[in-house]
């Protein structure tokens, strides 16, 4: 194994002139849907890595952090989250984190690719239990169509854990002002919260899509809380935009966040997130704050930009 | 140039099983001292890059952020910094940032490698003016020897911007409890502040050296403020430990920091740092805070660990 | 597949400062024995590639050429080859070529690794039929031990298609003067012929092992015919040494070779080898001929050199 | 140097899915003309390497072999070569080898790029003397235009050592039937010989351009002798086509070649070529001979194919 492992590398372009490579010790499983290639490989650096079309989607080493930050801030800020809608999230980790909340009664997860969800429910052991949870309804369809068909006010929290808009995929529709205004906001119940992963948010990379997603969400929702964290396997800071439908709502204090984590979650403590952590994440640096402030673009159906680059979460 | 540029790559190991590569469009200058190889190359990704022994030391794209965070927090937290001692810092950027403080009267910079300081004063245009500043005394010698010879209480701020301890270099001596207690603390005037770059501080990497440097500094200084920021060209979060010799001192509020930035610096605003930024940086995440708390190791002359890996600031 | 394929690379060191990489489109099968890692991967460049411990052993694109040159020259030069002993050759292609000769009645193939021979008989379609041929006796044991135990004069042709001596393997014993004199020569019947693959034989690489293998064989056999051919997937010229036990024997004329190819082989013509081809291969260039002439080393049990490098045939 | 050298790699694509890389220890000189980028780098694998537009043109390790085979076969086969025309050859090594022939009185070398010829005459020490030889006339112009302007029957030998036709360069004109018939053949004196480097000639690569160049030359000249040799730094077998204008001429015997080498050259013996070597080179293998025979294409001004790939000699 040692010799072999030294020689098989997975290479990922991080830009035109810049790439990284990590050793693959074993290709564990491979599959293919009508939409994409799916692989699970083992690596010395990241542990097991899920690849969609050869691009790193999540790794054993840090997926926990990515998913804690996507799920727990919105659910903890909600008064009592019972019904949650997940757009994408085929890997199952987003659902896994949502289901840790004792208040949650119903999770609807809509991911286009049945081959991916089957693959992950079978091969990603950390998420197997979540896929089997009776509170989860898994639908393999377009996340937008399904959300449009739901009655207004159906959900307390809507989570955007969407496939990479790169390569001409249809996901950019799910990042537009029209979608946020005409669908997401309407499907949220009063006090509802929306969150979307928002691409790279480093001081060098935040203008790629993070700032425009922010200004688009802000053009629809009265309060938007952007925050960001370094995800090593994405090779960058990663951004989130959490939007409150209630104009009176504000970020919780560290103490209140800690108290809710203790009260609402199952017994296992969160690895990464607590009140102080969230203080750090939402105090963005000056360069990113200036970029957010100066961003004039709002994504509309006509104008949506594409993300070019690696590591966008599916 | 285009064709050539496509083919020359600088490859940097980030670990045993993990590396990255970026295109080099031109090798601008090369030199060699008794200590190391020095190169300045141009790259599409990072702009001009300074390499010591082939390892990225600083890039046009993000050196500003690294150096703002090394210099301004300690100088701004000091009541009135007049005399500053820089250990290492041969590139000149640390001195450049220090010299922006109107209170500063004397900067002593001690870097072992005259070839590096000559090279940088000539080829790094951003730092040329700093090298020529009459307040700067540049000494090419061992940073520890020079500091030992200074009278006690000579400096208001001591900055550790040290060469990579990797490869059997003598720098690890400058990260020990003995050095902090017997030299640094004594050479600081009352109210003096010490800061040292402290290696990778991500949730996956903080136990390499960051936590041990922190516990070593904390074993000597009454108050230590750790903080961290993503530096893209280091491919990780980077850590700092700022130590107050006065037990009564505490981190400033965002408002006070902003006010001091306005009052003390030359006219040009800081790009990256302000009060809110520093709020974010010093609220470390739970995983790193737990690691800091659990770290039992204190570096002593006998025990000092080596950093293995890339990107350590010289 | 397309996307995935772009990103998985198999990297092979060709020297300390020199390597190549080729895209892997699919990892078809992987196995592992007590001796080595076995993989069959698909590649756009070479078609299916068999890897032992991550090193290229044979490729769909050019294994035919390597094996034609290992098998047909000695069998065609023999008056009437009936009994053939193959040392190594676990892949099955050497046996496949031997079995094309209508005179052949018995082939004994001794390869240490049962997992490899099972793997290849199952997954290498080109060789499946050879593994099932009733004339083939496959023994998984040490090739030397088995040959020692055979009665003297048992074989008309002995073929060395041996595993890489690199990495401390025991194969170097099978390249020594003692082995050639005490075992190989004795087990050959009168008029018997021995051939061994002999490593890289380019004008820059021939001194690695080719010249010393030649001088070792020549120290035991009265007539030795060295020849060489470029094998693209080995990234070099590859050498063979064919040894006649009968001092009166000489290389055949192109016409006689062509005539024997027509008479003795099954109906399918050889792809690569004919009389003119062999003329070319055995007229080595001046640099290699001088190196052969100047080589003083003879491998003995004590002195055997190791091959360092890639591409040695298993 | 050691550390730095470990990290700078020159990467060369050998195909879409296949590349190699070699360490660069130093970038010695860089230049740029209106046509191309020119670099001389030092490498542990190949010694000094001349790069045009980042592609390997010649290396210290094996340029001698490439140039011996381009120059000496045609000059040795000529009855008494006095006047030689070199198309391309800017590096100077082709002229260097031509000038070793005592019969040679005049060498006209026409290379389009003055920056390259200046660069090479200054930095390639092996060729400095050739550039200064009074028998050499160096003209920086289009090789075809200059040859057209020469009186008919001006040259005994014409050598095509031409720049890579890749990337839309105009060199393909110099590989056409029209050019051979209307220019080259006419400018040769009676008994004249033409040779051209002819691209990769391995059994996997010979159909790229080698076979078509051969059939084009053969459509004009009465006798064409193809031959080929492995050039390691080109990562392939390299092909040549030597054409006799006199229908009665045939390849020399090994003995006659050796005799002429002894009689005509300066004192220093050839490293690589002798009579036996040439025997080997011109007995091509069956796969290549079949491909030559089956090739129907003749390059004309309209149809000329482009070489796609690396390593074509400039």
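A, B, C and D are the chain letters, set down in written order, and residue numbers restart from 1 in every chain.
The rule we apply is simple: contacts are C-beta pairs under 8 Å (C-beta built on N, C-alpha and C of every residue); 3 or more make two chains touch, one makes a residue touch a chain.
Since this is a predicted model, take the numbers as computed values, not measurements.
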item: Equivalent interface to A-C, taken from B-D, C-D or A-B so that over half of the residue contact pairs match; value: B-D
item: Inter-chain centre distance, subunit C versus subunit D - centres from mean C-alpha coordinates, in Å; value: 34
item: Chain centre separation (subunit B, subunit D; CA means) in Å; value: 54
item: For subunit C, residues that touch 2 or more chains besides their own; value: 5, 21
item: Category of the chain touch graph - line, ring, star, complete, other; value: ring
item: Touching pairs among all chains present in the structure; value: A-B, A-C, B-D, C-D
item: Partner subunit A, residues of subunit C touching it in the complex; value: 1, 3-12, 21, 24, 26-27, 30, 32, 36-37, 39, 51, 53-55, 167
item: Subunit A residues within the subunit B interface of the complex; value: 5, 14-23, 43-45, 61-62, 65, 202-205, 229-230, 232, 235-237, 270-274, 276-277, 279-287, 289
